[in-house]
């Protein structure tokens, strides 16, 4: 369970021991921590002290800490000026209103996340890439030649030191491909990967909900990018266009816009397929509930989530299926079967 | 035929007499003029002189001037600073780099379009709305309360004097609902209409290609907005998402992005349905080819367009279909049929 | 749970205390009573005596009486002579064979339902409209001009006094849109509404099963008629046409005709969508199981129904979803975001 | 071309020579005559005189008379009283208002059609069955046990003498399966066939438009009923349900009701498939345009119809396709291929 | 539960008492025994001794023995030489390498199965047909004239004595229609049935998974072949073709080939429909889980199977649904309803 | 136009001059010659003499010889014994009945095709791969470990000398991926390519009809294998499964089996898409009609083919579409647009 959307200022949602007790009662086995939320953890201390981290692990009522999420810090590594005002709330007060300082602050924060992850024994952090090109997402006005290349060059330049630092600590970045970021689909992920020189720490946090809202083949995505998927958000969504609005959503609110996040099982994601293809791809890390729904109360969503995920988990076969008939063969016999001498 | 995408610096694409001769040879009956293109017309003169306009009509080899298009001027009425650099090319040199002056210039240009249309005996101009909110099209970062309302209030405020001026000259604005503009679907059109106090000159230039790329129900759109459709661009498109990219298109070029404009008949628009519903809605103005295709040469596209459109036109029945059986009735007979006395 | 289809002459289906005990054991929270069934209630007494009504409420083993249904009486308000013979069984013996008297009797019955509902503290009764035009449902022979108008005029005339009486008692009529009645889809509902002068008591009992059998967009229906939906039958259906029969069903029996009612979850209704859109529309009254299935025993259907409905109920969010990011704003900040001064 | 819907009181639509000249100019090769229309032919004379028939054939400008249609007479063989008033216009004045006499008159008319067909050398007449059960098409009110059987027994009884008379003259009846008639789909056709004791003259006039409006598998229909298809109306239709209306059409007019007839190529019938399956089934008689469209003028519809049909005709292969590889075989070789001695 | 795919050499999968104890603990009510597996039963003894059979029934922990499966023996009745090497493993050592003797041995084995079934009180055995024609499944090279007829003639000749022997013991053969056998779809079943002179013991073991992999209409199949379905394997499958492979599967392994068997509920079979149509067809025998899945462990598959099947079972209605309205009728009343005297 | 299926023993189908005159009259621009057909050409002479080849080119009435097809020779390079009897007819009489000699003969024939192609100035020959594994296409009986690898190893071994010889003569092999061959889809093509060490002469003859019959994504295929497509058969097909038969076709004849080849435009191939994607992939060689249809006469098929193909050809744009707006840019300006210094 990803805790970000459940945190609040009232118990049990305002501290790690309390919220994990609640999560455990619902049947969850682990929690993904929002590394930016001081109600949950002190990121600086976690980066500096393994003792603090061990202590943190002791506060979770036996639930596993699956990953430290670093979305908000990743977001601030790069941001087009059009969003400066809006993203400032995620930054420390002292760097607000100063995009340059804010970006440097974000880089430092991510290094803390890397160190904290290492101290906690975690090898991956789900994150956001930030965005420079996003305002030009639709090709009107036409994008001038070289603009896209320029944007990714700059983005890779900013991430390079972070990724190298991660490499030194054996931690992967799993970018959540997400509209609003410059890494939002397969094509942009490939471009970033190339711009970083195929950096070994560049990976994917697979979240099918964002692909549903982009009308992408989210099942085929697993087959194509299998080797780069290192984290998984189990989140549902639906896209129901009408005669009035479509993919861009008419500036409508969440209940009215055609693309909506939904509680698990209420949307259009075919999770049977998702879990099957991830199994086929050899994915063996956590399936983490991320929850947002404009119709349902979060308590109900959380309660339904754990059994939903449990019912989709697949035990990998203990004996290979292809050998079921017990047939064994050698080259000679095979050649006989093919009619060869 | 909308001439904008065919204009060029070489004959026959560089003058009105030459290009209309070419268009006529392909079978077109009329042309929609890009009012901003000085190779075609002098907008100022057309606004000031009916004689000039009569002369213009004499240069078209017998083709009808269907409308003056004013997309680029409309675009510049309002533009978010993120696009200032990119949109400057559409403005007069003297106002480039000065967004405030540029917007005023655009307003004046539109008034010229209105006057020129009146002088040409035309009662509608297809246009763009401009955009203030477009960078916030995806709700990440979350849009703060009141932002959308603020944007449409400002947009309506800028357009109000133009629309009133149009009203004085009996000219309608037919906004092409188009991503990149703040009026891009039914929901945004309704909001603008409301923000202008249901201004009688606010109408729609129906172009199904943009709705295909938004996955909207472009046929149902006609039923819902029938009374506001005053112009019609016959343009085709296809949306073919994959495991790599979807509606946001991965910053790919036109050939590779899933959403693409296509020559008539090569895309996914069901024009049989479009012409049927427009007929049912009583639409009786022009069907204007707009052409963009990343695979096909424009000459081939233009040549195929005229017979394509001709094959879709519907002659309205001369006698009412419902009376086919010749049955007539009166209330008394009807009551007998219903079993009433 | 709507009791009509479960009533029988053997215990526990032959009395209110017995059948509600059975319903309670299955997990239901309320029952909708067929007001015409004397095994359940004495309608006349209920209309005249609040004490009787209080007593009635005491017989339900704690289940809520959700509504009094008045379908059969509504049916008899208006009926084409072609069905006189068939509908007579629903009327009191003394008015059978006399359509005029039968209609008057039905009007009186409905007034009793209204009074009884008021005595029970209920503000809506699901009902049928009756039909005069139904035999002309297919336009062969061609319907003469004015026939449809005449039919609805007469229908409205008959219902007007009933609706006015309902208005005096603060009771709504929720017409179940149902083939065989003249109100069977959105278009006919609109026509009736108009014919009654937009009477404030004319509403809808939403039942998606009848729309499945008409191939209608039953989800879009909720968006269009949201404000008029006052009751809800949770009933499933499937339509599986073949090379041998389609929507008209070839006079086949229920198991063989392509359109069939089914137990909840066995048909084609997408109840996830139905409950979501009703929630979005602000519907907050009862979800009442109506059960008919040609394949499954009614006991099994009833037992499966309660958990099925429970699994679809949606708890409305306690805090607004759009505020999730905690962003607050004012007009000045909003204008800065839009690039305005 | 079926002339019924084109007949009128003005030239060239008011006489056989004139209308066939017009049809010929459009490219048609034959005409199906409405046997009830005195502007076209005198049915009685045609039944009595081969000379008159030869003369009739001489008036068609070389077009073939493909069949005599007898829909309206067939309709009047049996009609539920609910439609007496509406169907009377199709009967001779002297039997109007007298259902019994009207039915007898219809029987006599059909015998004339049979004789006239024989005189013209035609071996099939497309027709309607009439209807007794149609008002009970939806099973509300529930149809009592035995009702359907009773209806078909009576219908068969009335048609039996006609069919026997047809048998004596080697003429088949090809019933157009059509809502409003009791023979409207495969299931009802089978029941009638059985009720007539599998009469050898009971056949089908295949018209896919009526199956589209019933949502039936009109292609699969050909495979199931191949041996009984003796005539073919090439007519198009579309069914486009909405949130407001579905298969029953809300008593709306033709332009607004979801099920609509359309000009050839404007609807949803997959004629490629229809012509392929009819070819596979060995159908070798005429493909007759029947035209009704609520959007398009009949002149345009007729002009587009002939080339549309021509483009769908299939020349049957001159050499068998399966022999393409020139392989011949005998039992001995076949057994070797199968590994048998 | 069909035990074949669960048998193994370790407890509890290596003996009847142990494996039935395990099956019972999962909620199964019966087991289908692979008659060829000596870990389960001694076929010869079972054929010869009713006492042995009674003893066998006593070893199942109360589970019913639903059928004896005879797939492998049926397979060996007829086999094209191309597969001799591969199928030899299913035969007794003494007949391996000698196709003629192997076929005779298979016939004898099937007679034992028939006798054992009779001794166990079972009236049907699911089986395979074997194949002579399978290598020519795709018509390249072209199949010579008469080849298919020759193949089925020989197949029927071999099965005739077995079927007659089955008839003497009142046992049906339910052929599992399965690629690799010559009976693999409806068309081949019909041909075999005809070649055996419509033998009364030729029936079908319905298994929708094989039809999914053939893209067949597996629901419609039930309607067409209802009277011949005598056994039912509840097995799931999915077919997910791609740009790289389709129905022939590119010689890929099970995880990668587009057509795959899956655990119940993980594939594409619409079991709601399957159980409904079987109910409508009057099927009243066992629903037997057959399990193969390349992704999931067999233990998980087995555990999920029993509740899955239980949730799909349909209790047949105790009172006829059509009589719900209590309407009764006689011919006289029916004629009045039809407007007849 | 591929001549193989049109050749015959009667004029004009029995000689190159005659058949090309006929093809030219239908509008074709080129012909693909079946290199095995002595009525068309003497393969040996063509391999040995450039003069003969020049003469051959002079006999085509001005049509271009597009390629020499070598399907039948390719087929015989490798064949499972199960098909020896059937494929013998394609071999020279002296090697029939002797598979080893036949294979050697086929290799020699292909070398002649390579030389003849070179003499004719052609750089590609469409062909078949032959098959060793095809009888094991369905994994029942289970394929033993290593069987598939063994088969492809042998196949590659046989083709290696041919491919090397082709390399010396600058000729590509374009394998038609075709059921019955071991190269029949993308997965098998990849395996063969790998087995030949990614031989530079291994390419694809793209024919969508075979992919339709395999239910593959034939459009996506182009995107995946773009760089290897060197030839293109324009052939149509349809797959229409039923309750009786599916992809394996029930040993039915072509008219009855669900998968059927069809004349261009009569099947299910979306040629708009095919030509668009081939254009996007940069394919610039011939589009060659291959015709087989079980319903239509070959003369009609040929006559309709040429205009059908012509209407699908795409003229590649003369100016790049992305530059349409005339925008040019430099890195500095691009950085300003992205909000960077």
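To keep things simple, chains are lettered A, B, C, D, E and F as they appear, and every chain counts its residues starting from 1.
To be clear about the criterion, a residue touches a chain if its C-beta (ideal position, glycine included) is under 8 Å from a C-beta of that chain, and two chains touch if they have at least 3 such contacts.
No experiment lies behind these values; they were computed from the predicted model shown.
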For subunit C and subunit D, chains touching each: B, E
Neighbouring chains shared between subunit A and subunit F, ordered by label: B, E
Chain located farthest away, centre of subunit A as origin (C-alpha): D
Equivalent interface to A-E, taken from B-F, A-F or C-D so that over half of the residue contact pairs match: B-F
Interface residue overlap between copies subunit B and subunit F, same or different (over half shared): different
Whole-Å gap separating subunit D and subunit F, where each centre is the average of the chain's CA atoms: 45
Separation of subunit B from subunit E, taking each centre as the mean of its C-alpha atoms, in whole Å: 62
Residues within subunit D bordering two or more other chains: 80-82, 86, 133, 136, 141-142, 144, 151, 220, 223, 242, 254, 256, 322, 324-325, 327, 333, 337, 339
Touching pairs - complete list by chain label: A-B, A-C, A-E, A-F, B-C, B-D, B-F, C-D, C-E, D-E, D-F, E-F
Parts of subunit D lying in touch with subunit F, wherever the complex brings them together: 220, 223, 272, 276, 279-280, 314-318, 321-322, 324-327, 333, 336-337, 339
Subunit D residues within the subunit C interface of the complex: 80-83, 86-87, 133-144, 148, 151, 178-180, 184-188, 190-191, 211, 214-221, 223-224, 239, 241-252, 254, 256-257
Sites on subunit B touched by subunit C in the complex: 80-82, 132-133, 136, 141-142, 144-147, 150-151, 154, 322-325, 327-331, 333-335, 337-340
Partner subunit D, residues of subunit F touching it in the complex: 5, 82, 85-86, 89, 242, 253-256, 262, 265-266, 292-300
